[in-house]
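The structures come next, written out as structure tokens.
Shared chain: chain A. Partners: chain B in the first complex, chain C in the second.
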Partner chain A sequence: MTLHIDSVSKRFGQYQALDSVSLDIPKGELVALLGPSGSGKTTLLRIIAGLETPDQGRVLFDGEDATDVAPRYRQIGFVFQHYALFPHLSVFENVAFGLRVMARETRPSEEQVRQRVSEILKLVRLTNLGERFPAQLSGGQRQRVALARALVIRPRVLLLDEPFGALDVTVRTELRRWLRELQQELGLTTIFVTHDQEEASAICDRIAILNEGKLLQTGSPVDLFTAPATSFVAGFLGSANILARDSLGAGAPAGLAGAKLAFRPADGKLSPSAAAPAPGGHLRLSGTVQHREFLGSIVRYAIARPGGEVQIDAPFKAGEAFIAPGTEVAVDIPHDALISLNS
Partner chain B sequence: MATKRVGDQKLVRRLLIGAVAIIAIFLIAAPLLAILSYAFAGGAGRYFESLLTEDTLHAVKLSVITALIAVPINTLFGIAAAWAIAKFDFPGRRFLTAIIELPYSISPIVAGVAYLFVFGAQGLFGPWLQANDIKIMFALPGIVLASLFVTAPFVARELIPLLEAQGREREEAGISLGASGFQTFWRISLPGMRWALLYGIILCNARVFGEFGAVSIVSGNVRGETNTLPLHVELLYQDHNSVGAFAAASVLMLIAVFTLIAKFLLERRGVRRHAEGT
Partner chain C sequence: MPQRRILPGLPLSLGVTLVYVTLIIALPVAAVLLKAMSLSLGEFWNIVTSPRALSTYRITVLCALAATLFNAVFGFAFAWVLVRYDFPGKRLLDTLVDVPFALPTAVAGVTLTALFAKNGWFGAPLASIGIEVAYTPLGIIIAMIFTSLPFIVRTVQPVLEELDPEFEDAASCLGAGDLDTMRRVILPLLMPALLAGISFAFVRCLGEFGAIIFIAGNQPLSTEITSLLAFIRVEEFDYPGAAAIATVMLFASLAILILTSLAQSWYGRHLTRS
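The block that comes next holds the complex of A and B.
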């Protein structure tokens, strides 16, 4: 199903949770709503599910206005952050719930329920755990029960709220890869909320970045990484050094129009400041090494300069000496590694 | 070896445990044993004979009827009140909670007198009630009303913290899976609160049977008519019929013992549920 979110706004008292957010999600895509806490991403997800009503704007499913459709009629699979499993029901009955509450005319027979639930449990690899209760499962297993329960109603869209937030790192990486495969296999339009940019970049077709209730930028992970529009996006997706254009004087390349320029810490090359002038096609910054961190494959230097501190990641090679704090250095950045930002 | 903790000296421990045990035996266990020994002082025959007198049976019957009316009403009220307070956010929420808990802190006699002022012959609605031939005071409705007042907080009190901790996610999950509001309540919310609810109902029931003060004001103490079991015990005692009084009291004691066992079982269940983190 395609999903259109049309200038949706939502206010909680004094707090503007969403400010005129518009977003189109084509059929079969996996889209991440990415942003810091309080950015409105969960509110947007809940509005799509019908658990909140927008103050303004519309939500359209396949072109049809669904803004006023009650959540129980939306046929949307929602996976809650803390799973919200029904503790008094077995795994099997948790999954069967969506079938058992169907209207009498459409409700499947006991035999059909059994078959359908077994299929889904197989899909999420929980075949032998049907008799267990939620309290007897691990976090990763609970997560998959929650997913199975949402999938059983053949949802038109799958919504996941911080689906991996409560899991430890190994389970999280494994589960997100598996979720991606499952999503592609089912061709299910899926939206998930996360504050983890790595998670979003790893598995999504597209990322929508939100901050303070506003949708800042949408695009593929690669597009957002290589061409962020604002300093917030540049800094949120990977790390970035932001330079005010005015602070660069004549050194700034003419081709980049933005008010600010950014570059990734790995794109700056350090050299002793007394060395030869900047090579052609490079922007040169000069400063003093302030601080050094050894991070394994890279060494991260903090360079103090008049226009503010910049961070440079130099690849670490065994045997090579570190640059000592206090050393005067030059940072050369190739022009094509500079990103022009609007703000 | 267990680590020694602050305040865990042997002497303090023994003194405290000993003091509590002695107080519990003299204050609580001994009087209960006394009830039984007095009740059976004349042998089992006299015990049953005095238990089966018409007035005592009537008092038991009246107490049972009162409980059968008051407990379900306060169960429904408790669920509704707890739901409203725990799941909704509205101005005056704290105030409403305080009102519901008022009967805990007010003397039941005061409640009885207040009802008398409202529904009694000289009361606010008294003339109107008399004119329409509706009898509330010194009759079953008054007894039920007083019992309702005294036991109003019992169910709500047990449910509020539980529902607050559960939040709304389960209900939202139910609704998003296509369940109606009623289905969600019946299949998810109610089972989710069943043990706490049962606990509240049992405490409520025990209190309805035991209530003396409020009921004694509004019932009028008419033997064989408006006497509940505790009132009847007092009446028999004043008649110097100690076997009868203690036999009737033993029925109340039996209810207390059942309550205690049910409470114990439910608490074990509750604690286990809690440990599972659900």
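The block that comes next holds the complex of A and C.
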């Protein structure tokens, strides 16, 4: 199903949770709503599900206005952050819930329910756990039960709220890969909310970045990484050094129009400040090494300079000496690694 | 060598508790039983199955059932409103729930009688449509409803507060209507608390005395409750007779509490089998 979100706004008292957000999601796409906490991403997800009503704007499913449709008629799969599994029902009954509450005319027979639930349990690899209760499951298993419960109603859209937030790292990486495969297998339009940029980049077709209720930028993970439009996006997706254009004086390359320039820590090259002038096509910054962190494959230097601190990641080679804090250095950044930002 | 305990003060606090339980609860109960045992089995049986006694059981139990049923629905709705909605005056309403706890039951009885008497604020309009409350079993039911309401509200309320609204969101996303959500999700999760509230309320109704005797009229065989009959026997200096009737009430209440706690533990195991 294609989904159109058309200038949706929502206010809770004094707090503007969403400010005129528009977003189109084509059929079969996996989209991440990425942003810090309080950015409005969960509110947007709840509005799509119908659990909140927008103050302004519309939500369209396949071109049809669904803004005033009650959640129970939307046929949307929702996986809650803490799963919201019914504690008094077995795994089987949790998954069967969506079938048992169907209108009498469409409700499947007991036999069909059994069959459908077993299919779904097999799909989420929980075949033998049908008789268990949610309290007897691990976090990852609960997550898959929640997913199975959402899938059983053949949802038109799958919505996941921080689906991996409550899991430990190994389970998280495994599950997200599995979720991506499952989503592609089912061809299911899916939106998930996360504050983890790595998670979003790893499995999504597209990322929509939200901050303070506003949609800042949408695009593929690679597009957003290579061409962020604002310093917030640049800093949120990977780390970035932001330079005010004014602080660069004549050194700034003429081709880049933005008010600010950014570059990734790995794109700056360190050399002793006394060395030869900057090679052609490079922007040179100079400063003093403030701090050094050894991170395994890279060494991260914090360089203090008049226009503010920058971070440089130098590849670590065994046997090579670190640059000591206090040393004057030059940082050379190739012009094509510079990103022009609007704000 | 002195024994090391993690938690200090166990012997003292346990001792105090046991003495208290013995003096305040167990001893009087034993006294009632002993007094009743001064009767022969045949005498005992005659007293507790006399037509007048049987009619008080019937009236007390039926009225208590009606009052409890009413409060199960109304008290649940009351707790729901207090937990799930915000409105001006909510704090005041929350405090008012406890009034039946705080008010002397005699005051409640006098007030209810005045309200529901044929010329009272409620009684007059009701009388004009042919409903008599004061001095009828309906009056008994109303007095019981009044005094037992807090038991249901106060047991359901905290559990409802802990019930994550996400369960309701999840149910509605899965296509459940309000009725299905209530029947399949909310009620089962609240059932242990609701059961406890219902049984406290019922036991309270069985034993209520002060609020009822003013409004009931106390006609033997029609509006006389069991605790009043026991009281009348005491006034007649028939202590063994009073004790025999009290024994019946005691065992009825105990049986209900035990059944409830069995049902609750069964339900609890059912909920968290792990």
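Note that in this section the second predicted complex is superposed on the first by the 343 of 343 C-alpha atoms of A that agree within 3 Å, B and C clash if a C-alpha of one lies under 4 Å from a C-alpha of the other, contacts with A are read in each partner's own complex, and residues count from 1 in each chain.
Keep this in mind: a contact is a pair of C-beta atoms (placed from the backbone, for glycine too) under 8 Å apart; a residue touches a chain by one contact, two chains touch by 3 or more.
Here the structure is a predicted model, which means the values were calculated and not measured.
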In the superposition on chain A, see if there is space for chain B and chain C together, and answer fit or clash. clash
Which partner does A:P265 reach: the first (chain B), the second (chain C), both, or neither? neither
Examine A:G40 and indicate which partner it touches, taking first as chain B and second as chain C; both and neither are also allowed. neither
Chain B versus chain C as contact partner of A:H88, first or second or both or neither: both
Now for A:M102: first (chain B), second (chain C), both, or neither, which partner does it touch? both
Just checking: does A:I76 make contact with chain B only, chain C only, both, or neither of them? Give me first, second, both or neither. both
State which residues of chain A lie in both footprints, the one left by chain B and the one left by chain C. 49, 51, 71-78, 80, 82, 84, 86-88, 97-98, 100-102, 135, 149-150, 153
In the complex with chain B, residue positions of chain A that touch it: 49-51, 71-78, 80, 82, 84-89, 97-98, 100-102, 134-135, 149-150, 153
Across the complex, what residues on chain B touch chain A? 169-170, 172-180, 183, 187-188, 191-192, 194, 273, 276-278
Chain A partner contacts - residues on chain C that touch it in the complex: 164, 166-167, 169-177, 180, 184-185, 188-189, 270-274
Which of the residues in chain A come into contact with chain C in the complex? 49, 51, 70-78, 80, 82, 84, 86-88, 97-98, 100-102, 133, 135-136, 149-150, 153
